[in-house]
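Have a look at these structures, which come just after this line.
Paired with chain B in one complex and with chain C in the other, chain A is shared by the two complexes that follow.
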Partner chain A sequence: MNNKPASAARVGIGGPVGSGKTALVEQVIPRFARRGTRLAVITNDLVTKEDAERLKRSGLIDPERVVAVEAGACPHTVIREDPTLNLDAAELLELKFAPLDLVLLESGGDNLASTFSLELVDYWMFVIDVAGGGDIPRKRGPGVLQSDLLIINKSDLAPHVGVDLDLMIAEAEAVRGGKPVIVTNCHTGEGVDAIIDHVARDVLFDS
Partner chain B sequence: MLMLTTIHGLMTDDALHERLHGLSHNDAVETIRLERQDMQRHRLRVETDKGTICAIALPRDVSLEDGAILEIDENRAIVVRAIEERWLELVPRDAEAALELGYHAGNLHWRVQFRDGRLAVALEGPEQAYLDRLTMFFDDGRAQRADG
Partner chain C sequence: MGDSSFPSGGFAFSWGLETLKTDGLVSDRSGVESFARSQLRWRWATADRLFLRRAADARDVVELAELDREVEVMTLARELRDGSRRAGRSLLRAHESMETPGVSAYRAAIADGSALGHLPVAQGLVWHGMGMTIDEIEAVSAYAMAAGIAQAAVRLALLGPLEAQSMLSILRKDMTEVLGQKPPVRPYAFTPAAEIAVMRHERGDARLFAN
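And then the complex of A and B:
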């Protein structure tokens, strides 16, 4: 390739409360590290720094590379209507740890209508989970429809909550008109490699 | 894969216009067609109409726009063109219905324009996905499509 991107790629991770966003971040950090992707993480919480503290303590990443943004109000405000706080945080991380390849932004848990501003991120994934109900894709929430990548997490729970996982996947693919859907188990890491492949191909450009 | 990290100018710039014209005679101008949403991105992987795979990675303070030239030399130019936007125009029955319709559209985070008493909704996905969300308005006549 003739030249290099001037800044780090920014990738958003959104989805309903408790769907496994932070668990997914914990799964992708070591995978990015192994392939040499220089990484920093921004978490968004309502009024605490809970997720950031959890990642800092995880031992998976230099705690300095994790920054919390407190939304204070509806979590979607800081990732869509006014992403200034997140833009500033990303810029600071890029300055402090230059050169970075990737900044991950975890949104605060929200509802099915939450989406990321494309001014803030280059690419975003939406994490739903099997236990939230097999009918979620059918409800065509903006997050499910518009995200670049849809993750259906907690595949291990399908038999316990009476969800037909194959049907859930098929319906998700149908409503997304060909955009990718990936099934994961963020306890075991199953399916997570495929997420790395998508991010590498579509925004890191180094695969 | 071709990495594109700057905007050299617009198709309408006098200096570039002539060079583009020259290249077009050799069939050496490639076009990237983008939806409005994708124009907001600073980084994306796309394919030109001639099949060249491109990795666009612009500085954060530079934005894509219709007619932007991402590459130009003696052999080839690559330009970005916006795909025309699609809109769904809705006519509310009365003021009360208009308020409800506006609230509903806001709740769904639809991007809208107000056009002479009509509500125009930008279609950023399949039209049916939008119509499905409006059935209760159509069913009791609170709103109808401008063209229907």
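And then the complex of A and C:
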């Protein structure tokens, strides 16, 4: 396995439960497909195989290219302290579907302190949502601060949950020291193209 | 090498305990201890231990691949086979980075499909490659198995963290006794409740763990 050709880029998608990580994956799959990016997905479902099954049934991607890796009740361990099972799954996908350009790793959902190990991914994004609270960026969790890309999802809900979206964005940008923040509505796909642009430019080098 | 924080994926496996809990067959400390003891005495001591020894003595990748096939055919439940291969490959991945002798060729054989990378075979190879004696290899393997079960039990809320440590210290007596006995000539295993639980796990809703 060490004599394989140049390996696919690995991109992590983390964030709290319910922030829209799986919806984001569903939005990016057809966009990557249209631009010819050869893709596979690993989900770290926490309790069931729900997310993997949802993607397999989505019709968006060959179900064989979606693999669930169990997290042993430790969603942070499997992406940070001990990412070997995810690395193993990525390697098997690469052997089976060579050549691959990109492997997406969707975390099972954790809290604001979760981060991806750079032994696992080349780049990672963190998904929060306005309904989770406009004060999340201010709390300066490691996920918000350290991710390569911060995504603020469910922008349409801001007026319904009393969140000042502009303030939330400004605070996110302030705590991240210039690293990018993107606002999305993964229900409609609004804002998702900008994520593809970032990944193409910073990870795939083929924008 | 037996440190539970060494990155080799062990945290994601319960080896049947998750389903035994869901089915109400293990619900407390004595149940977990019986489960761990049966895994030690009727699987590890009678099967894994032999594969560790043979892998440590193996002359080449062909012999390792033969051991893999033997583990494969004598492991009935699919998620036990998958779990053993996944855990083995994870251990090998870490040791390839550490340039442990013999690992690179074995991983190449796994990549081309001629070997499988089962856990006891991988453990025997890498720990022998690290210069450990067979006694040390066996002790670390047995302890890692018991510690993995103890940690899974804590995460399944079957044990408190101190109870887990106390259980491990009691199990050390079992390990000492087992390690003082001669291993059987041929490998075998008999842990029916755990194997049925692992088979039921494939279709169960409870999936915190890989088996």
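Rule of thumb we're sticking to: the second predicted complex is superposed on the first by the 201 of 207 C-alpha atoms of A that agree within 3 Å, B and C clash if a C-alpha of one lies under 4 Å from a C-alpha of the other, contacts with A are read in each partner's own complex, and residues count from 1 in each chain.
Keep in mind that, in the parts below, a residue touches a chain if its C-beta (ideal position, glycine included) is under 8 Å from a C-beta of that chain, and two chains touch if they have at least 3 such contacts.
In this text the structure is predicted, and so the values were computed from the model without any measurement.
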{"item": "Touching partner for A:Asp88 - first (chain B), second (chain C), both, neither", "value": "second"}
{"item": "First, second, both or neither for A:Asn111, with chain B first and chain C second", "value": "neither"}
{"item": "First (chain B), second (chain C), both or neither touched by A:Pro142", "value": "first"}
{"item": "Contacts of A:Ser58 with chain B and chain C, given as first, second, both or neither", "value": "neither"}
{"item": "Partner chain in contact with A:Ala9 - chain B first, chain C second, else both or neither", "value": "first"}
{"item": "Partner chain in contact with A:Thr77 - chain B first, chain C second, else both or neither", "value": "second"}
{"item": "Chain B versus chain C as contact partner of A:Arg201, first or second or both or neither", "value": "first"}
{"item": "On chain A, positions contacted by chain B and by chain C", "value": "1-4, 91"}
{"item": "Complex interface listing, chain C residues touching chain A", "value": "5, 7-14, 86, 89-91, 93-94, 96, 104, 107-108, 110-111, 152, 155-156, 205-210"}
{"item": "Chain B residues touching chain A - in the complex, by the definition given at the top", "value": "1-3, 5, 37-38, 40-45, 55, 57-60, 107-109, 124-126, 129, 132-133"}
{"item": "Sites on chain A touched by chain C in the complex", "value": "1-4, 45-49, 69-74, 77-78, 81-85, 87-88, 91, 95"}
{"item": "Residue numbers on chain A that touch chain B, as the complex places them", "value": "1-7, 9-10, 80, 91, 113, 115, 117-119, 122-123, 140, 142, 145-146, 175, 177, 201-203, 205"}
